[in-house]
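In structure tokens below, several structures.
Presented sequentially are two complexes of subunit A, the first with subunit B as partner and the second with subunit C.
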Partner chain A sequence: MLSRSPFLYFLTLLLFKQKSKHLGIMSISVVMIALVSAVLFISSSLQKTLQDTLDEQADFTVTRIEAGRPVSTPLAWVDKIIEIEGVSEVAPRIHGRYFYAPGEESFLVVGIDFFDEQGSKALQSLLKGIDLKQFFAEESMIVGEGVKDFLQKHYYKDTFSFKTPRGEFKKVKIDEVLPGSLNLLANDMIIMPIGLAREIFGLKEDEVTDITFNVPNDAEWDNVIGKLHLVDYEIRVVEKREVEKAYENLYNYKGGIFLILYIIALLTLMLILYQRYAMVYSHERKEIGILRAVGWSIRDILKLKFYETLILVISSFVIGTVAAYGYVFVLGAPVLIEIFLGGANLENQVQLIPEVSFGTLGSLFLLYAVPFFAAVLIPSWRVAVIPPKEAMR
Partner chain B sequence: MIRIEDVGKRFGEGENLFEALKSITLEVEEGECVILSGISGSGKSTLLSLIAALDRPSSGKIVVEGELVSKLPDLHASAYRAKTIGVIFQHFNLIESLSVEENVIVPLINSGLDMPAIRKMAEQSMQRASILHKASQDVASLSGGEKQRCAIARALVHDPKVILCDEPTANLDRENSLRFIETIQKLHQAGKTIVVATHDPLFEALPFESRVIHMADGMIGKHGE
Partner chain C sequence: MNEILLSSEVIVYLLSEAVLYLLLFIAAIATLGILKGWNFDRFTKRQFDLENRSYLVMSIIFFVLGLKMLLLPYFAYTIDALSLLVPGAMCAAGVIDANDYGSPLLLLKIIILFLSGLWLGINRLDLEEKHYPYMKLKSWFYLLLFVLLSVEMVLDILYFSHIETTNPVSCCSVIFGEIGGNSLPFGLDIPKLLILFYLLYALLVLMLFTGHYLVRIAASLFFAMIAYYSVVYFFGTYIYELPTHRCPFCMLQAEYHYVGYLLWGVLFSGTFLAIESAVMEGIFGRDALKLKKISIGLLTLFVLLCSSYVGLYYLKNGVLL
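Entry: the complex of A and B
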């Protein structure tokens, strides 16, 4: 086709023969696109993982509070909550952070019983493939990857000794380590039989940390919240949608910072481009003047510049996004992921699950392509409309 | 045939107004060779750029091959430059990053011809300008004389009826200047209408029939008479 179409031939000829002219701008563009795409990929992957996790969480979690501070919740509330119309899958939980003072880190301890495991979809997904009979038969625990690494650093290989509120030490065997793919949710998690967790937290037989349940009909949520306050005045209700919003805000906030940086970088690039075409690059002016002098019309010039820019924009966008995809989903986004997971308790080796939002990528393309085209075509047009003799000077 | 009627060209305005051409009237017959001579700033290059429709006159009209070029809109002016005229510039005005052949084909890119036809025409034109042996060489590495021949090949590639040369020997040594005059002679013999703007005395006594018109202060005649 190139050997037949003179325009395509000339377009590729100029691109290849003048590649040094385009390489600088293209390299900056690729880095910019790669950086922003990487941020978008990380953000959407984390949001997807969290969304999947949250989908499996109970709709409501209730805790007893005293003077506004969460305290142990009476197990008897379970029966009262079950009686509320529209409520299902009520499950008591023992669930809280255990602070390990020598290492200055804390773990999330989750106590489960066999029936609870049957009821909670989230726990089911975590414990898939683990021999639970053996797990419940002895005093052992299942730990996340981050916990295992941390304990090993502190010379705990197969067991760990918890200090109970009574000042006694409780030695618990490490039964299994959760796979790395669950790190976003379970990196700092310890799962153990409910009785053992109760002992470590110093709770009585009729006490739990909180109670979870579902309300399948969304329209009933506000009614149920009203009725919960009749169960006990000192009750704190956490809705799943509030947690969702909190996470969404967190990642949107972090992604937003990058977006602002991107816009600043983009404006700088466009300014450089505009200057290059408008004033600084006399070479460019002369070339347009020559083309005009030998019979090219303004329309021909703009057509050439449009296709030249189109190739540059598309190729730099594709290279940038493919590089970002590799960086995020193959290499695991080293360095950048720390910004998103910064503040996490234990060092977290999160495996990012590929999730690409084509809508967002499309918007990014437009945000990049439109100013790029404007920065090239407007000054090119301004040069093309002046007398060729003046442009060639 | 070129007919120039009462053409004026002014630059700037108010106190900065400068009249580059003052009421020029001139006729160039088909197949004629006209030498516009005069010192720098006499207006000969400006007149040439108006004939080439590279600029527009402030007043008067220019008719080339029956077409009123002084008032052509861009699209038609471009088509006129692409079909009727070939321009050879003082500074060659070649695209330095391209080879000789690639420069020569530039005027034909939007002609509607396919690449094999364009390549054939370029080859013929390079042959005519004696630069075919350097076809694949980058223009940046050529000597002044070779660049001039490349510019000639580009000006001739679409076989124009009118050839306009703006100070064609200003950047050439004597040997290359004489070679250029030889090329002009061949083009004249081939029936092309040629207008050369120059202050090179070599053009005062050409070895073929030509008309020398002196220009000064934007007017025709040694002292503007």
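Entry: the complex of A and C
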């Protein structure tokens, strides 16, 4: 089919004949596009994972604050919140960071009532698989993968001893490990019965750190917030929507800073392309002169150059994005992922879920193709309008 | 720094617009030179250079306008993606209304796309002739376009740098719904609107076969307007399958299989081709049969697509909304 169109035939012939001329530009472009694709792929994959995790979280979390300082929340609020219409799955929680001094690391300890219905769907499904009889036979906990690895390294094989504020040691059995798919949020998490957590953090019997609950009808959310503020004037309500926005901003921030710096690299690429093609095309003067002499018009030459560039752009775009896909989702994006997870407390192994949307690909194509074409446009015009007589001299 | 400007879509969008504007600026300067010295009957080196330069202008505009066509849907996609960051916004409608620059910017973009399509049409005519008869016309036309494009660039920057992420904006059900006290123009109600919609479609198709060019242009513009209202206030509710959901932007989202891009794209190009055919036949006296055929095809596709949502809903549920 290709040979039926003489123009396309000539074009492909030309491209293959002059491979070496385009090879340098191709390889730089592929590296550039692969780098930026990898960053955008990682950021959209992490955002997707977070979104999925957040979807499973409870809609509301309330805590008590005294003039802006967070203090422990009275357990009595649970009964008051249950009475609000439209509220379900009210569950008190105790959580806090437990600092492990010898390793200079901290764990997020979450204490929940295993017999309550949990607001978080992730916890709900997690608790279903646990043999409660065995779990409560002795004091046990469920740990995240990061915690598990850390404890193994520090020779805590089956149990770990917490230091309580009273100066006692509390030995707790490691019962189960959280699934790796939750690693982004639960890597350094420890889940245990609420009574045990209360002891470890030294809270009183009628105190918790916060209360979570769901409001299934989201049209009622604003109403419920209004009613919560009537429960107590020291109440602070955190909505899931706010948390979502905060995370979205965080990853936008990291990706955005990278992109702004990347623009400088892109402008350099434009300059290189401009220079390179100005040089390449000036060597082609004679060739273009011959084409013009055999009857090609300026428009035909421009068309030829346009298609030549188009093929270069598309092929380097495809190679670059496929390479980035492999690097991110097959190899797990070594090195680059540290930009996004950096500052992690315990070493985190996050499984990147393949997530490539048309929007991301469209962004990448625009980001790359617009500067590329813009840089090549003027050199190709310059060579196209040289009069054939002058060119062949 | 503003969180909006760190979103990767906004960065890509603004960068593309800026690069394209740079090219347009070069083209505008070259056009000024052409207008100053153009005289086809002269055989000087200057005239020869100017003819060459016109090729630069042409390729730049060709390239930029082609990309602008891609950038308009990308703009819609960008503001749709921003709706996560702007409190209260659930789709692009809220984000567009986040400040005073949004709606004029969107309107200006559509006008620019219309005018640049016409420019390409005139350019094609110009190249078919041996002595560039429309060179002056298309150069002046381009300068007008360039002024609009400059306004667009300024509005782009103003719009994206002035979106507040702390003030809540209105959701589409407030902007277009009954809560906001919005109603149809000219005192229309839904049945009259629909009658007008189908009648105008018939009128437009008829006008495509007659020589009343001004009527054809008027009919196209009027049809585009009525079609917009019909989709927002009637057909849209069937796309969303919810009688209270009226929004021209939500249909761009994945939940509705991105049908909005197709719907608005078909309406836009169909109306544009109808107007272009009138200009080609009326002003330049050319035959525009091909344009008219494509235009009728696109408009019919639009009407069928809209109606099929209603039909399918009725077939599935046995009632109308």
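Quick notes on this structure:
FYI, the second predicted complex is superposed on the first by the 348 of 393 C-alpha atoms of A that agree within 3 Å, B and C clash if a C-alpha of one lies under 4 Å from a C-alpha of the other, contacts with A are read in each partner's own complex, and residues count from 1 in each chain.
Following the convention adopted for this analysis, a residue touches a chain if its C-beta (ideal position, glycine included) is under 8 Å from a C-beta of that chain, and two chains touch if they have at least 3 such contacts.
Since this is a predicted model, take the numbers as computed values, not measurements.
Using the contact criterion defined above for the overlaid structures, shared-chain residue A:10 touches subunit B, although it does not reach subunit C. By the touch criterion defined above, A:392 lies against subunit B but remains apart from subunit C after alignment on the C-alpha atoms of chain A.
By the touch criterion defined above, A:377 lies against subunit C but remains apart from subunit B after alignment on the C-alpha atoms of chain A. In the superposed model, A:293 lies in contact with subunit B only, and not with subunit C. In the superposed pair of complexes, A:229 makes contact with neither subunit B nor subunit C. Within the superposed three-chain model, A:302 lies in touch with subunit C and out of touch with subunit B [touch as defined at top]. Subunit A residues 298-299, 385 lie at the interface with subunit B in one structure and with subunit C in the other. In the complex of the two chains, the subunit B residues touching subunit A come out as 49, 52, 54-56, 74-75, 78-79, 81-83, 87, 89, 91, 93-95, 97-98, 102, 105-111, 113-116, 118, 154, 158. On the side of subunit A, the complex with subunit B involves touching residues 3-7, 9-10, 13-14, 17-18, 286-287, 289-300, 385, 387-390, 392. Interface residues of subunit C facing subunit A in the complex, by the touch rule stated above, are 3, 5-9, 11-13, 15-16, 19-20, 22-23, 26, 52, 55-56, 59-60, 63, 67, 70-71, 74, 77, 81, 84-85, 87, 127. Touching subunit C in their complex are the following residues of subunit A: 40, 43, 244-245, 248-249, 252-253, 255-257, 259-260, 263, 266, 298-299, 302, 306, 359, 362-363, 366-367, 370-371, 373-374, 377-378, 381, 384-385.
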